[in-house]
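Presented below are the structures under discussion, each in the form of structure tokens.
Both complexes shown next keep chain A, but they swap its partner, so chain B is in the first and chain C is in the second.
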Partner chain A sequence: MSTIHILFGTESGNAEMVADDIAAALQGRGFETEIAELSEDVAADLADMELAVFVTSTYGEGDLPESAAPFYETLLAERPDLSGLSFGAFGLGDSVYETFNNGIDTLRGALSGLGARQIGETAKHDAASGDLASNLASSWAATLLDLVPA
Partner chain B sequence: MSVAPEVTENLFPWNDEEFQANPYPWYERARRIAPVHYAEEGAFVVTGYDEAMQYAKLPCMSIVDPSGEPHPWDAFGNTVLSLDPPEHTRMRRLANKWLTPKLIKGYVETTRTSLNEILDGLAPGQVVDGHHDIGVLPTHDAMCRILDLPKGDVDGMFWALWDAMLIHSTDPGEGIREKAIAGLEFMFEQTERLLEEKKRNPGNGLADELLQLYSQGDLTWREALETTVNLHMSGGPNPAYVIGRGLELFAERPDLMRDYRDKPEIRSKFVDELTRLNPVELIITRFPTEDIEIRGVKIPAGSCVKFPIGAANRDPAVYDNPNEFDYTRTGDAARNLTFSIGTHNCAGKALSLVQIDAILAIIAERYKRVEIAGEPIEVRTDRLVAYETLPLILH
Partner chain C sequence: MTPTRLPTAPPQTGFRRPPRVAIIGAGPSGCFTAQALRKRIANIQITVFDALPTPYGLIRHGIAPDHQGAKAVQRQFDRLFARDGVRFVGNTLIPGDLPCAQLTEAFDAVVLATGLARDRGLGVAQDEQARVIGAGALLRLLNSDPDSPLRHTAEGVPELGREIAIVGTGNVAVDVARLLTKSAAELASSDIDDHALHALIPHGIATIHVIGRSDRESAKWEHSMLKELASVQSVALRFDGEPFDAASNPAGKSIRIDVRFRQTTQSITTMRDKTLLTTCEEGDPSKPSQFLVDAVISAIGFQDDSPLSHELDAPHIFRVGGCASGRLGNLAENRKLAAAAAQTIAEYLARDDRAVPVDDDIDHLFPARHVTFDGWRRIEEAETLRARPQRCRTKFTTRDELLAAAQPVTDRLAINA
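On to the complex of A and B.
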């Protein structure tokens, strides 16, 4: 069974918490996980990954947060072949903003454009909902497991 | 000019003592007859929830007064208080990574330890100050842990900040400028002295990181110092007011104190509702960098726009029975503007909320009843509120 890489981009630490929650849910079902903050180095390693979950918030005017932006720019510049990668996508946002969850949509688009295959629904947590991101992370991770390629 | 252009009276008597003691009747009237109102001091005052949520966070809403006139708070000219993106982003991120939810779980242990030590030292029936002893001291300790600074002169810093903030009143009177400058100078002297000591005896806090970035040339001295002062002064006062109001609520409503103790699942919403009714900083002030229009009122670029937080927080269009405490509110009514919104929202919001919860939980779990043992006295301007004294007995 491949390791599931859980890769997060964060501004205030909430996406990091969600990454931990997703890892816990997956480990509870017997998967090995590795958590890392998105970076240029992670972008370089991506072509060798088979399974990943991307977690990111949205910052400012629909932009990616601090740690995700260099990762994204490296993807666009280097254009690695990601046809061997299957990924899940979890976004954190606030529907009071028109750019609600632009961050995860931006990442999904870039990854898919490089050949990666998204599995499952894109989770989009809404801070305005009052529901805890942790709860959504755990329940969403459970649904993802049934879809992970053997 | 306003949504009701015939309204030319002064809807906001900022310096009137009755207004400062309870601005809500004035906010309510203004929201009803002129929800976007050009006040005689030359500011547009916006009192509706929807307008505040939509417009206060727009990228064009600058925190920088374009008049360029020297102001005592230029002392913080290199911090998030005085910058817009992208310069703001660089400075904000310095604090963000020290205030993540994961790290806050550790810091709040300092808050709990500090409070429990204070409570352990109380004799039965002893009068304790709910604001100072239960609110300010433990939260200041937590901030000092984050920065890795010694406790220092807690009361001196508290009242120096109060004095410094007086200049932010809409219409500060005579002598206020000098008082504010003295407050700022005190806070800067205290903090700079602690930073100089830290250079000789480094630690592992945020203040150390700022000093390290300064020594590497990644921050100027003013950036490092001003950011440290901003955090050092902010740890106690803001959560302490909400904690004091929570303790008064426990005294007035023992049923709510029991709910807090017996139903941990309601605590998050309880604290949110407490912050809705009891903002500490009372006005969000912004300066649009382009012409905007709010509810038909044209606001030119460079204007001063004020969003009184308490007005948005009690908008009857959103909140049923807005003046009543109800922790079961949902949807838009479960949100409020107490920590502001957008780029300049409070960097300490998560830290404050966790601490307020932790402190109220300890009180609710350790005690059966809160008694108000003397008249609570608040100090207020149109811009800020704090307690002078909140005498309580914990039974």
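On to the complex of A and C.
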């Protein structure tokens, strides 16, 4: 069975916690998981991955977290062929701000533009809702599993 | 500082008991440091102390009460205490309840994460009768911090009046302006201290002058924060006389927020029963401006007033966050600083030649009335259960209430009987 890569971009650590939760949910169903922070190296390895889950928050004027910028820029500059990659997308945001959850949409657009295929719905957690991101992460990961190619 | 600490017997690579680390201050810097240390050293034993009965510092008492989403970062730390074996010891003032020497002798490393507790003063001549209030103290009051200085004045919570000036153009200034101008409906699902807010502005606000030293481009506030302020229903926001955006048309708006840039504060005096703030443009006294207001709020940063900052110094004592950097950054910045500090601490703990504590028991160090993480959970539950309509919780505002709520229910019954 192939490994599911769980790749996160974070500034305050919330997306990393969600990545941990998704990994736990997937492991509970017998999948192998690898967690990594979005980086230049991850961008270089992406073309060899078959299954990935992207988790990111939104900062500033709707940007990706600062730490994920090198990943995003490398992706745009190198334009790897991602036609072998299926991915799930989980965004974290705060509806207090207009740019609520722009970050994950930016990332989805880039990945799709390089040939990657999204599976499942994009999860968008709203911190202002008071619901726990961990709860949404677990239930969303469970629905994703049904869509994962065997 | 370390008279009874013994160097490790001959440098060796064999078994050593898990390192024991004390973190003083359960705010974001202390908690991010605990989290980062645990990631690096799986079996580390961490105790996080706080002078208050409650953890989370500025997450609970600094982040604005209408920004509950930002406060959700505490869920990461709940996990640290509830699942990952990090211990919370609240209601424990160091050195008052636990002398520094005992602490530094009992732990392999001690991390100061005490933040910056005081508002920085305006640094100009100031009439004693003038009403000048720190933005940090104000936010702590509206966030129900039992120790906010504004709760403990002779006259009670001071009334701000209808015309105020805020000195400073950072996010804290925006938080204050927004909280004082939002309607009751706009504060729905916050946990603002309604009594305190009413005591501050019983007749509402008419005008806020925001006075900044920098120019418009270099002001520190974030644009997303300004957009949020401009969208407050009754607010017309103007920058040097120009509307901030189309939504800031003054028609039908009852509150004016006028921002003035490049203003250096010159003096604070009084005129009749009002406070007079005098500024000049870019420090040029020939271009003065005067603002006659009911109160001036200083929002130009914070400073340290912890005695620990001077008292503690040894190779196994580390500092992180505000008390190390001299400024209170946002959560993301402090998370980065905490990761860097954790790396330094982990390298120290890995050294063979460092001193190790002799005493193996630390429980006897904790004061009898300390609050555990379970105690905090009971406080949190009680505050949620007693939430007023339109509020996500209603916090306790005194240490006595917090300590009572921290007691297990069986003990509370016993006390009542």
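What we mean here is this: the second predicted complex is superposed on the first by the 150 of 150 C-alpha atoms of A that agree within 3 Å, B and C clash if a C-alpha of one lies under 4 Å from a C-alpha of the other, contacts with A are read in each partner's own complex, and residues count from 1 in each chain.
Keep in mind that, in the parts below, a contact is a pair of C-beta atoms (placed from the backbone, for glycine too) under 8 Å apart; a residue touches a chain by one contact, two chains touch by 3 or more.
Computed from a predicted structure; not experimentally measured.
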Q: Based on the superposed arrangement around chain A, label chain B with chain C as either clash or fit.
A: clash
Q: Would you check which partner chain A:126 touches, where first means chain B only, second means chain C only, and both and neither mean what they say?
A: second
Q. After lining up the shared chain so the two structures overlap, which partner does A:99 touch, if you call chain B first and chain C second: first, second, both or neither?
A. second
(Q) One more residue to check, A:13. First (chain B), second (chain C), both or neither? (A) both
(Q) Looking at A:82 after the superposition, I want to know if it touches chain B, chain C, both of them or none. Which is it: first, second, both, neither? (A) neither
Q: Counting touched residues of chain A, say whether chain B or chain C comes out ahead.
A: C
(Q) According to the stated criteria, A:49 is in contact with first (chain B), second (chain C), both, or neither; which is it? (A) neither
Q) Now for A:60: first (chain B), second (chain C), both, or neither, which partner does it touch? A) both
Q) Residue overlap on chain A between the chain B contact set and the chain C contact set? A) 11-14, 17, 60-61, 66, 96-97, 128, 130
Q.
Please output the residues of chain A touching chain C within their complex, sorted ascending.
A. 11-14, 17, 59-61, 65-66, 94-99, 126-130, 132-134
Q. For chain C, which residues are in contact with chain A within the complex?
A. 32, 35, 66-70, 72-73, 75-76, 79, 189, 222-224, 227-228, 331-332, 335, 392
(Q) Applying the document's contact rule, which stretches of chain A touch chain B when the two form their complex? (A) 10-14, 16-17, 20, 60-61, 66, 96-97, 128, 130
Q.
Which residues of chain B touch chain A once you look at their complex with the stated criterion?
A. 53, 57, 59, 85, 89, 93, 96-97, 99-103, 269, 330, 332, 334-335, 341, 343, 350
